[in-house]
Amino acid sequence: MLPAQQGYDRAITVFSPDGRLYQVEYAIETVRRGTIAVGIKSKEGVIIAVEEKPRKLQITDIAQKIFQIDDHVGVAAAGYIPDARSQVDNARFFSQSNKMIYDEAVEVETIAKHLADQCQQFTQYAGVRPFGVALILGGVVNNNPQIYLTDPSGTYISYDAIAIGSGSDQVTDFLEKTYNKELSLDDASALASAAIYLSSEDKEGTSHIRMAQIKTKSGLFELVSDEQIAKYAKTAKEKYPHGTK
Amino acid sequence: MLPAQQGYDRAITVFSPDGRLYQVEYAIETVRRGTIAVGIKSKEGVIIAVEEKPRKLQITDIAQKIFQIDDHVGVAAAGYIPDARSQVDNARFFSQSNKMIYDEAVEVETIAKHLADQCQQFTQYAGVRPFGVALILGGVVNNNPQIYLTDPSGTYISYDAIAIGSGSDQVTDFLEKTYNKELSLDDASALASAAIYLSSEDKEGTSHIRMAQIKTKSGLFELVSDEQIAKYAKTAKEKYPHGTK
Amino acid sequence: MLPAQQGYDRAITVFSPDGRLYQVEYAIETVRRGTIAVGIKSKEGVIIAVEEKPRKLQITDIAQKIFQIDDHVGVAAAGYIPDARSQVDNARFFSQSNKMIYDEAVEVETIAKHLADQCQQFTQYAGVRPFGVALILGGVVNNNPQIYLTDPSGTYISYDAIAIGSGSDQVTDFLEKTYNKELSLDDASALASAAIYLSSEDKEGTSHIRMAQIKTKSGLFELVSDEQIAKYAKTAKEKYPHGTK
Amino acid sequence: MLPAQQGYDRAITVFSPDGRLYQVEYAIETVRRGTIAVGIKSKEGVIIAVEEKPRKLQITDIAQKIFQIDDHVGVAAAGYIPDARSQVDNARFFSQSNKMIYDEAVEVETIAKHLADQCQQFTQYAGVRPFGVALILGGVVNNNPQIYLTDPSGTYISYDAIAIGSGSDQVTDFLEKTYNKELSLDDASALASAAIYLSSEDKEGTSHIRMAQIKTKSGLFELVSDEQIAKYAKTAKEKYPHGTK
Amino acid sequence: MLPAQQGYDRAITVFSPDGRLYQVEYAIETVRRGTIAVGIKSKEGVIIAVEEKPRKLQITDIAQKIFQIDDHVGVAAAGYIPDARSQVDNARFFSQSNKMIYDEAVEVETIAKHLADQCQQFTQYAGVRPFGVALILGGVVNNNPQIYLTDPSGTYISYDAIAIGSGSDQVTDFLEKTYNKELSLDDASALASAAIYLSSEDKEGTSHIRMAQIKTKSGLFELVSDEQIAKYAKTAKEKYPHGTK
Amino acid sequence: MLPAQQGYDRAITVFSPDGRLYQVEYAIETVRRGTIAVGIKSKEGVIIAVEEKPRKLQITDIAQKIFQIDDHVGVAAAGYIPDARSQVDNARFFSQSNKMIYDEAVEVETIAKHLADQCQQFTQYAGVRPFGVALILGGVVNNNPQIYLTDPSGTYISYDAIAIGSGSDQVTDFLEKTYNKELSLDDASALASAAIYLSSEDKEGTSHIRMAQIKTKSGLFELVSDEQIAKYAKTAKEKYPHGTK
Amino acid sequence: MLPAQQGYDRAITVFSPDGRLYQVEYAIETVRRGTIAVGIKSKEGVIIAVEEKPRKLQITDIAQKIFQIDDHVGVAAAGYIPDARSQVDNARFFSQSNKMIYDEAVEVETIAKHLADQCQQFTQYAGVRPFGVALILGGVVNNNPQIYLTDPSGTYISYDAIAIGSGSDQVTDFLEKTYNKELSLDDASALASAAIYLSSEDKEGTSHIRMAQIKTKSGLFELVSDEQIAKYAKTAKEKYPHGTK
């Protein structure tokens, strides 16, 4: 333990003899310790969903781990959430600037690259620590639904469906087995519910599930109501009995 | 003990191999070591309350752990109080600027996010330590009473009722069991008194209890008089005999 | 001893696993190692007093641990005195600026907060060590005598009577037992003498006692003459025979 | 292991007693851990190719390790890909600036030198870590196909054919045995496929191979279609049966 | 020895657990290791004197440890002499600026405070080490002879007679026993000679004694001639036979 | 090994107890690990030569370790070649600036001093590591052929003939035995070839030898063709049979 | 050895518990490891001399350790010579500036103080290491020959004759025994030769001796020719047979 202690707490992220950046890997470990977040693409739109575990008296009007970036883009986060907020603020400002300069909605990839570039810089320059959060960006531009993942290393990749956070390996396996490109948005939303049940300790209720959709038609970010989530959850349990247990 | 010693005293907050930010966790430990602070929401307004333990010859005219931010917003702090003062000054300036720019009272959430953003930055950039204090912001905007919690990690969350500081786990349990949304402001104030008795070593007097209310009607921050506190305390002992022992 | 050695000597003040700021606690230890300083309020004014231990050939015209800030405010210091001088210069400048801007004498609390804010910053930002001194500010504004204490943590608190430095716990106990709000300024001055005798090794002479008064009537800072101190000391021995031994 | 731990994690890259820059060597180790990338020159143009291992639901429209710099220049990267992106952005900006200043397409060598100079600076100045990536730049200027390699040390060298990343020693040996300057572009592309099979665990499919060509005639960067890659792969297996197993 | 090693060599002066600033104490140890310097006040003026141990071929025209600050002020130094020179340059510039601004000779105390303030800052801010020198400032302003001592901690104190450097404790004892305020300047100069003999290994010669006087009448700094020093030394041996052995 | 580890990897080059600058010595070790470079002066001009070991498919049009600075000056480098490039760029800029300011070709010594001054600064200031390269500057100014050596310590010295890099001690001995000032440029070039054979593992071929000449007559830097090198190598083997084995 | 290792390699020069500045002492050790340098004053002028040990093929036209500062001032250096060059450049610039401002030749002492002040600063501020060189400045101003020594501590002292570098203690003893103020410049030069023989391993030749004279009459710096040095060396062996063996 002692050598590790000496190895990780430095003023700048450096390479280890085997060519690894430990601070980046530890930051990714922070993501792995976060609650699950998923993003699933369908032709009818994009669904992002997270697990939230509010205290009993917490006001749950405000989602803690789902954020709107712009009319047409949202984010689901896993890991150190205050860092997510910092990146979300950055993305909102970037998205607005883009709109003002080019007079059109910014591409989801453009935002993802912008955030990932910042993540990369925070692994190379002294005076900062890497971001401890991974983000699933979902959005629709020109009727084109898209999902992007950014992580603390500065990587960004587009997916049809992806999960991050606690149990994401198992959930991603599940998504890879069950996902197909012909899913309706409702199917995708049910699948997202199943994914969260798979990771969560809570296998019954729906109060710990939060979702947002960006429909291809409207191209607008919308939080999914609790009632709707309940319906998706019900479908999930019927369609994916194993996945949700 | 030695590895820990080596791990925590660095010029910048960094990730540990298990993805934790120790400096942030230690700062939260500072909050836990502070005396109790509570915030409770009622339809009639918001109550914030703290325990203070003045020396015998201390002038108690000035509250040490309750601060007014603006006409309609106050703060109850737990942890390293000089840091609270620094954040309070920041919030006052921010609140005034907001009023000047938008010509309307600032939302409590807007202040909470502003302070939490600063907290987040102090966990990511070199040259500073994290704030060692958590704040309960209580306020009324447009007849809408609100309570927000900020902590050293940069998290901010809205609650119906919340406690921070020494014994806050036990107190929060107590609040979760006894709180309901139909409480009158007087009920809420009595409940806050009970919460402080639950945490405090002093189970009898009221000189160690300080409170402020922001009533929904007036929307104005007011310190609660010692006489009034005594009445709330009396009610607390009658209504929550177990909670106050 | 070795772990402690590793823990305290860092370029920035950081939290320990139990949520403490060791550099601040060590700075407060510096105050505790200083000679005693006391401040006592009476309706007729404020008395501040310190013990000084001059070398035999030292010129004692100039007080080393009592400083005038403004016409109506003085300071008694305990701890690392060069740091006190730095804060006193700061306070003088601040006080003059205030007078120029608002055209009225600055409140003692305003100065105390200003100095405490600086103390707080020196515990949070890299590149500086905390101040190693506590100050008792005494002053009279609008016929209102006031005493404030600032310490290295950035805390400031108002007192009727307070002691800092070597033996201050014992002296504060003594003050709490003997103080009452109806003391005349002469009574308060005698009580201050007794407080110093209680802490000092010198239980007889008066050359090691230095005092200043700000009378409510005049509102002006005045050093107390050696003759007058001798009278107070005589009274002290008569009124508090136990306290002065 | 402990001495090494102490040796590599420092705020600035420094010389070891045997005259080595460990941080640079560790960064080169990062390159060696990356998947294979190759560049091969033919009279008819330049081919760059990489292995990519997408997750099953990853959108593979966007190459992760091949980037276009300018109309006539592309890059294949091995190592820490977010660093590659940072250098690619730098190269794009540099290339555009050059075009604006000199009104002609920038030489590939000029870009290579520019990127290598940045790499060198990141090994000599404090506050940054070296880049963890090597780049194969391929381009055509004035009908002259060129390949350049840059690495974390700041070295840049021109090659007829070169491989970097996992198994690059074996692949370079293979290229040195099989390469000749009279290769057609199709031959070179088949050879690049063989090179990737040699390094990759996947000895059959073609979904893990990505290529781009800059033809001498057009002087334009073009991604190679999956169909075309399949043909090259087939040729590779026929012509280099040993190399692809 | 090892813990101490770890404790003292840091980029900033910090508090130890017992509230001490080791770097300041070590700097004061540097003063203690320097040769003796004394300052003695008489009604007729001020005498400052030092021991210097020149190499045989050293040109002794220029005093190494006595410096003139202004027409009416001089300095005797003990400790790390290059630091003394830095402070002397500072004092000369400060003194000239004062004269230009206020059109009158600067008070000795004003210079002493200025230098001590700088010393204090060098104990609180990172990026510098404390000064390793103590200074005895002697001067005459308005027929008022004055002696001030500054030291690495940032303390400044006025004395009738004081010694710093090697053996200064013993010498100060000696001065306290023999000094009286009615001394003539010649008496004071003889006493200074005796003080230097007491500390020095050389109990016979006078070539190691250097002196300067500022007479009350003239108010002008003057180096004392070797002949005159010889006379003072002779008197010293007659008047203080024990002190000079 | 452990103490050395602790000693060399620091943010600034510092003195060891025996008055050595280890970082500088380690940088010189980097030079010693580089391939051989030689410079030899003749009345007819200056020859600089290096060993290069290209990979089989490397394009050898561009010399890696010989650089042109100006029309009349070239450099042969040994050690960390990316650092050489950085100094060469500096020298080119410096040389052009000189020409513009003084309207005449810059002296070789002036460039050597300029580069050596930079080397010295990189051993004294924090935030950089020393240069890991030594340079042999050869040039002709006013019909005056000159050779200068710069090294990581910041030293620059003029030689008739000098070798740096791997085996340079043995080669310098050889040069000292065989060199005379009456050599023709062809003799000097043959001698340089012999010097490289002496150090190199390749005792036969000439593809690893690169040379440049600046002839006294023309005063122009010219790379030596492979054919010409082959002739020099042949002569070398005849004239210095022992030296080349 | 290990504690010392920990003690000396720090980002800033700091005091040890016994009040010493180790980095300064180590820098002085660097001077002691350098070859001998001497300076001797005579009524007829000043002689400075050094030992140089050129490699066989080194061009010895340019002195490595004797530098001209101005028409009337030269320097002989011992220690880390690149640092000497840095200080010499500084001195040349300072000397020229002085001449331009005051329109007269600068005093040798003024230059010595300027360089020593820089040395002092490099022992007190972070981000630099002390200079590793001592300088003997010799010059003639207004027919007044002068010799000054500066060293890494920031001390400067005037001497009739002084030696620094390897064996300087023994040489200084020798100078103290043999020097007298009535020496002619030729006598002084012979004595300087003897001093170098005393320190050097080469007790016969003169090629390792370099000298410069500034004659009182001309007040101009002149390098001494090899022939003249040979004559001085011959005289030295006759007059000081013991000193030169």
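We just call them A, B, C, D, E, F and G in the order they show up, numbering each chain from 1.
What we mean here is this: contacts are C-beta pairs under 8 Å (C-beta built on N, C-alpha and C of every residue); 3 or more make two chains touch, one makes a residue touch a chain.
Since the structure is predicted, the reported quantities are computational estimates derived from the model, not experimental observations.
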Steps in the shortest chain-to-chain touch route ending at chain C and beginning at chain A: 2
Shortest path length from chain C to chain E (each step joins two touching chains): 1
Homomeric contact chain F-chain G: same or different residue positions, threshold half: different
Chain D-chain F separation of Cα centroids, rounded to whole Å: 31
Centre-of-Cα separation between chain E and chain B, whole angstrom: 56
Interchain centroid distance [CA atoms averaged], chain A/chain E, Å: 69
Interface hub residues of chain C, defined as touching at least two other chains: 2, 6, 10-11, 126-127
Chain contact topology (line, ring, star, complete or other): ring
Successive chains along the ring, chain B then chain C then the rest: B, C, E, G, F, D, A
Chain F-touching residues of chain G, taken from the complex the two chains share: 1-2, 4-6, 8-11, 22-23, 26-33, 54-59, 61-62, 64, 80-83, 85-86, 89, 122, 126-132
Of all residues in chain A, those that touch chain D in their complex: 3, 6-7, 10-21, 109, 113, 116-117, 119-121, 123-127, 153-155, 157-162, 172, 175-176, 179
